[in-house]
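In order of appearance the chains are A, B, C and D, and numbering begins at 1 in each one.
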Amino acid sequence: MSIVTVQLGQCGNQIGFEVFDALFSDSHCPQGLCSKRENEAYQASCKERFFSEEENGVPIARAVLVDMEPKVINQTLSKAAHSGRWKYGQHSCFCQKQGSGNNWAYGYSVHGPRHKESIMDLIQKEVEKCDSLSGFFIIMSMAGGTGSGLGAFVTQNLEDQYSNSLKMNQIIWPYGTGEVIVQNYNSILTLSRLYRSSDALLVHENDAVHKICAKLMNIKQISFRDINQVLAHQLGSVFQPTYSGEGSWHYRRNPLGDLMENLVPHPEFKMLGVRNIPQMSENSLAYSTFTWAGLLKHLRQMLISNAKMEEGIDWQIRPPLSGLPALSKMSTNKEFHFNTSIANLVILRGKDVHNADLGAFKDPALYTSWLEPVHAFNVWKTQRAFSKYEKSAALVSNSQFLVKPLDVIVGKAWNMFASKAYIHQYTKYGIEEEDFLESFTLLEQVIASYCNL
Amino acid sequence: MTQSVVVQVGQCGNQIGCCFWDLALREHAAVNQKAIYDEAISSFFRNVDTRVADGGSISRGKICSLKARAVLIDMEEGVVNEILQGPLRDVFDSKQLITDISGSGNNWAVGHKVFGSLYQEKILEKLRKSAEHCDCLQCFFIIHSMGGGTGSGLGTFLLKVLEDEFPEVYRFVTSVYPSGEDDVITSPYNSILAMKELNEHADCVLPIDNQSLFDIISKLNLMVNSGKLGTAIKPKSLVTSSAGAFKKRQEKPFDAMNNIVANLLLNLTSSARFEGSLNMDLNEISMNLVPFPQLHYLVSSLTPLYTLADVNIPPRRLDQMFSDAFSKDHQLIQADPKHSLYLACALMVRGNVQISDLRRNIERLKPSLQFVSWNQEGWKTSLCSVPPVGHSHSLLALANNTCVKPTFIELKARFRRLYKKKAHLHHYLQIEGMEESCFTEAMSSLSTLIEEYNQLDATKCMPTEDVPRLSVAI
Amino acid sequence: MLPAGCSRRLVAELQNALDSCAERQRQLERSLRIARRLLQAWEPKETPAPEPTPRPETNEEAQFSACTPSPQDLQELELLTRALEKAARVRKGISKAGGDKAPSLKSASIAASPPSRISAPAQASRRAGSRASQTKPPKGIRQTRVPAKNLPEHRLLSVADATCKRRGAQAVKPEPGLRDQQMVPSAAAQAPEAFMLKDKGVLLQLPVAFRKAASQNSRLWAQLSSAQTSDSADAAATAKAQFLQKMQTASGWPSATEVEAEVGRLQKACSLLRLRMEEELMADPEDWAQEHRCLLTLQGLQDMVGQCLHRLRELHPGGRGRLHPLKGAAGGGAWLLPCEAASPVLTAVGEQLLRPWPEGRLPRASSPCGGGADPVWSPQLLLYSSPQELQTLAALRLRVAMLDQQIHLEKVLLAELLPAVSKPEALGPRWPALCRAVHSLLCEGGKHFLTVLREDAPAD
Amino acid sequence: MGRRRRCRVGPDEATRALPEAIAALSRTLPAGPSPETFRRAKFDCPEAAPALWRLLFRVLSPGPPDGASASLSLEAQARSVKSALRSQGYPSQALAQLPDNGSQGSRQLLLALAWLLARGPLLEQLLAQSRVRLGDEMPVCECEALASPGPPAPGMGEAGHVDIRHLQWLMGKLRFRWRNLMASQQEQCALLGQIHLYTRGCHSDRSLGHLSVTETELLRDPEGGRQLLRRLESENARLEAALEWRRREQVFWQWMDTVLGASQPTFLPRSPEPGARELEPVARELQALWEQLQEAVEARRAAWEARVGDRGPAWSAARRALDEVVGQDLAALQRAWEPGGGLTQPHGPRRLVRTEAGAPGGPGLRAPEVIEALRTQEAHLEVVLRQLQGHCRQELARLARALPGLIWIPPPGR
């Protein structure tokens, strides 16, 4: 089954490119550490998902590029074309001359309705190229105007038009500071709309990825490209093919559907975070060996201590004693900053994957009281190594990971809202104070619900 | 891509404009080696087919003949004529000019009321024409001075005209404020009257202060001459110098100062024109930096103002660039942002600088800066990969900061002194449509603005207190 | 936390629904795998379609060795080829003589076509020994078939039929030894190279033995279904009815299950009827027609309630008239509806209602056609003209099924959850959360949720 | 053919006919025991019992036999048979009292089998259930669909109390399953369309024209094809046996009368009245409703008659129209609780055949007709669902009003 990606805005387009490039190079990676035949099946599965083939044999990304100003799209198209390995479809992009100016309202209420038809047509053309459509990736930042505003608008239209297809928004969570001043407004407006129209929000925090670049990848002068590559790697580690089940050698047909069914069935809990291990520069990789036990031990601690990477994990944090009544469990959480999960998905790739012991992830103490580990935990596997890692693990988690950042954003936006700063920029394009209030209300509820697991 | 039109009004406006076009040509020539008319150039220049009588625009291909997207207005011919006879004559044509011979006599009312009504139609026609040449006109840059008659009077008249005619198009105003020892006696009147118009009809105002420019130049010269900057500095590589200009022209006393302002405009638009990993369109400036409609005065600073000999600067140099941008000495008006309250701040970086450099410096500088309680993280950033000509990198900082307030208070005080004596008032009141109420209204408009800054400043000493949030019943 | 009984029921219901969905999905996956494999390249050998395997290295080896045809294979191939050639000669003769009665024969093309379709296997067998130097035999087929493109499909059909008839008549009797070959279609197994269904699909042909069995099968089904319908008036039916009656006499009826199901239905009816009544009573008629309509509806509702009562009485062990006395229903007289009150509306509806239990049918045990129960399955056709049409049809079918399921769940949830939240005081601080969840489940289909704020929050 | 050969079974032939009839029955049934077993069962011989328990287990277990259920112990099978019969309303108590070890009760089992046979087309159902599916089938109704969940499985939810969020979780999961199902199904339709197109003209049956997936697959995989053929042949044999049985079954029933006669005394009157307790509240509720309606109707009718009186012929036409509208309306309402109510469309699985868009109609149903019917159905169900949700909304709003100090903010509509 195929996934159609919609890349929106500068951030969405830059990341989209890196994602396709990462997917392509991984699936054509010669050192897949598996047989030729298996590699072919892996490639075919990846291709069906993310690429369609044109006559001359160059794969075409199943993607639609949307931006309201042309610079980034032109750059992205030519980068892909120059790679010579894959490219974007000839008529798969839409751009205008003037961006949304970091104004969510402009993206949502002006650009959106004005270009709805053209954008939806492009998407439909892409959908028609799929024998079987699983759903959509919508890559967007929530800080700016086009990604966030138009992204929310497009997601809503996808929900109307393709209500049976799955929609996963790849949300780029802005740096805590220093990208866009109105990012908190734009973010709450985006998140609250997406909570209505999207099925899952896979959140990528710029701050976290930035730290990974600095600490794990050892990059001195970090560029957006570095950040986007780490992010693409994380996405790839989740959505590259895995076996469809324990003991099966078929590749999973509908990873998006399976993931969502396992992680985001509850309407109030739609925010997902992703963690990877190991992540390191190529130089260090040559000198490292890994065991599944070691990787999984770290990954589990990253989960429960809410660490964004394997370095600097707080090993003091332990799951609360199970069997305690929910109330006291909650209070212990607060005290030790234990990160309670709703549901987790672990993806293992590489050698001897069938020997990996995942018992530690099935501890009921890790999860909210109302879900058993059997409902809350899932694992996907493949022997095929990912990228240059002989063994690697990824964790997609619906947990309290994002409560803190969300709370911060809502808090900052609320402060600004109370002073009525910048509101005039939004009312100019039809987003009124009530819309803000509506967003605040919904997100406060989400925060409360996540806190009260 | 979008286009901008520069409207230069009065002597000062035209002089700065002249520098701007010179530098803009220089910059695009350096970036665009193949002489292909591309989108970046199109934002400020039309490509005109000179073989056609009417001069039809060419949208792509080889550069044929570039025409500035500009309207030149002056009520004295001098400066404009000079430009038309100078090296830049080819980028303008007579259809873009509006001149008179009488001048405004340093009287805002003459510029605004008399010439305003006299030239309204003509101005509109030129503006419409220039707009027609654009396929997506985003912004008008108005360059004028506040002290004189034409620049302040007709310049601000223009704002209202633009607002009515092109409500969707942004109006960015570069206003040169008179310094204390200004030779124009009526400049306080003119400035106050112009301020009201700026308050009401501009989207963003970049106030520039001649005195500050002058101080910067003097300091730089001193440093260079004393060798204090060491061998790291290329000789004759200050941005204030016109060395290596597209076309040679004679250095004028104000050229160095005007060059700084011209550079400001170039850097302001660079991220919209050239590619980079974090773009910043012009509409993002007002979106991010203007929290309340009236508070649209942005204090700017430009660093570095000299070129390093070695392009591969060590990070310390890079960090110095950021530090400088916040120092009192580098502001383009006399203001001290570090000791005032920030409402918002934008850092527009050009050249070989990455997001990690930007973040490191924000983290480093943040503790020394004070931001308003509801905008503690009021940073907007952009990264443009094309550096200015002759530099490896540069930074333009734009601050919405209460530090503009002293300039306004000073202006108000000077106005008061003059107005108390009713000095020269009759020159104004004799103009049709001018009444005393115009002065009082302008005065109260300015007072209101100052009061708004005062209120914000008052929060500075208050402990930051979060507003109670909505409480969910779970 | 919900009460245990309620929890159990709801979890079980939901789990049930989930399981039935999962089962459907598994079935679909299975058939999808087959269909996908068919659309991939058909390997010349009987190897299953490529699948990733844990130890593909060894697998590849095995496959390689399997690719070399054994002498026995070659011999069989040769035999078959000869048979086919013979068939072709005969076939030619017939078509020249115009003996074939196929209605869509279009003379010239027929004559050209058969040899070409035979030639492929022939070539194939000749080359079978030297696999290394093989070129692409199917090319020949393709070239000669070019004119066929714009011909009606019937031509291919008739050709195929004719060839097969010959083969059926001469070369192959359904002997066990030959059956294997017979199963092998000419195009598929003989083509020494992989091919796509897309290119060569129209050359496929079902083996004779299979065709015979299949047609016999459908004939038998048809007979069976006609036998059943004709039986209805037959003696056997009477015998059966009598038998049932005898079995029944000694025991009371209906069974507990049936009573339960019917009570469930009546409960449902009751709540729906009440709902409707309240709607109707609240309506504010604007004109006389609406007023009359309202009256009619109320009358109709009353009649329906009457029918329900009637059915309830049927259910009662004591049977007619002996239902325990109800308040204000002295001697059961109140059970009877005033005849004049019955509106014409109900004549149709009522008949169905008044009928007691559908004879011999169990309330929940069998759905009208589940998996093809009764009426007896027989091959009926459903014609579609484009994949889109088929998709629409399938999507609608599923949508209806989902709605059915959703409505069912809605009712179950409603019955269990509304009482659970009806006492805010008893639940205390947990009530808003519970209520929110109930609202989401019952009013938003589980898709959206509302927020409950405390009043003391700054309301600006 | 079967019809032609049909003849009345004369009494003289009866002796020969009975074993033949039983043999036919036995061949028709899945894993049917020998006629001898039946004969022994009449005399309630214990040695016939295990085979009959097994037979009944096969007959009563839904769906095709899988490994797990087939390998169940005799005891488990016996228990399962008893409960299945009970739930189907089998009247005899004697069977229920048989020991679970499956060692006894062959006569009772024979009676139960006969009861099942007499009740409906059991054989046909069994045959249809296990039939070899050659075509690509699609049921044109939703009867076999996801709904109709059976009674809750007894072993479920031993956890006791459940957090409502768990229910929301399950509900959400279900929603995703629906959507995944939809996606797979769309893909299947696309693939079917392709296979049908690529094999056009390949089928010997002209009304079909193209091959089905099963047929194509048997060409691709000759081994599977051979198995399929064998299954088809055995099904044909069973079908023939079923026809045979049809011709001869009357003898069997006559014989069953004698079996029944032999066992008559074992029938017990039915023990405790089922569901009487449950009847009461419903009866009360209905009665109250009836009275309420009675009151409302009388008041309104009186008012109506007083005001309107007779309005002449035009009025009576309008009145008839109104009658009809209301009638339809109420019939729709009734369908909401009647089992299988309102199904006026064709049922059962059908073989899919791809035709040209404008091709002249052969036999068979056309997709657009079915689509039309389904659309109506869909619209109706949507209304029902909306009504239910509206009702809940009202109820909850009523509850919410009762509690001050809280502000309810509904999910924003667009």
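In this text, a residue touches a chain if its C-beta (ideal position, glycine included) is under 8 Å from a C-beta of that chain, and two chains touch if they have at least 3 such contacts.
Not measured: the values here are computed from a predicted model.
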(message) Return the chains shared as contacts by chain B and chain D, ordered by label.
(response) A, C
(request) By the contact definition above, name the pair with the higher C-beta contact count: C-D or B-C. (result) C-D
(message) For chain C versus chain D, what separation do you get between their C-alpha means, in angstrom?
(response) 12
(message) Can you work out the whole-Å distance between the CA centroids of chain B and chain C?
(response) 73
(request) Would you mind pulling out the distance in Å between where the CA atoms of chain A average out and where those of chain D do? (result) 45
(message) Could you work out how far the Cα centre of chain A sits from that of chain B, in whole Å?
(response) 41
(request) Return the residues of chain A touching two or more other chains; collapse runs of consecutive numbers into ranges. (result) 164, 196, 253, 267-268, 441-442, 444-445, 452
(request) Name the residues of chain B that each touch 2 or more other chains. (result) 467, 469-474
(message) Among all residues of chain C, which ones touch two or more of the remaining chains?
(response) 29, 32, 395, 432-433, 440, 444, 446-449, 451-454, 456-457
(request) Report the complete set of touching chain pairs. (result) A-B, A-C, A-D, B-C, C-D
(message) Which stretch or stretches of chain A touch chain B in the complex?
(response) 10, 14, 69-72, 75, 96-103, 106, 145, 175-182, 210, 213-214, 219-225, 227, 410-412, 414-416, 418-422, 424-425, 440-441, 444-445, 447-449, 452
(request) Show which residues of chain A lie in contact with chain C when the two form their complex. (result) 35-38, 40-42, 164, 196, 243, 249-251, 253, 267-268, 383, 441-442, 444-445, 452
(request) Going by the contact rule at the top, pick out the chain A residues touching chain D in the complex. (result) 1, 131-135, 156, 164-166, 196, 199, 253-254, 257-258, 260-261, 264-268, 368-371, 375, 438, 441-442
(request) Please name which positions on chain B make contact with chain A in the complex. (result) 1-2, 39, 135-136, 138, 275, 277-279, 281-284, 286-293, 343-344, 354-359, 362, 366, 373-381, 383, 466-467, 469-472, 474
(message) Under the stated contact criterion, what part of chain B meets chain C in this complex?
(response) 467-474
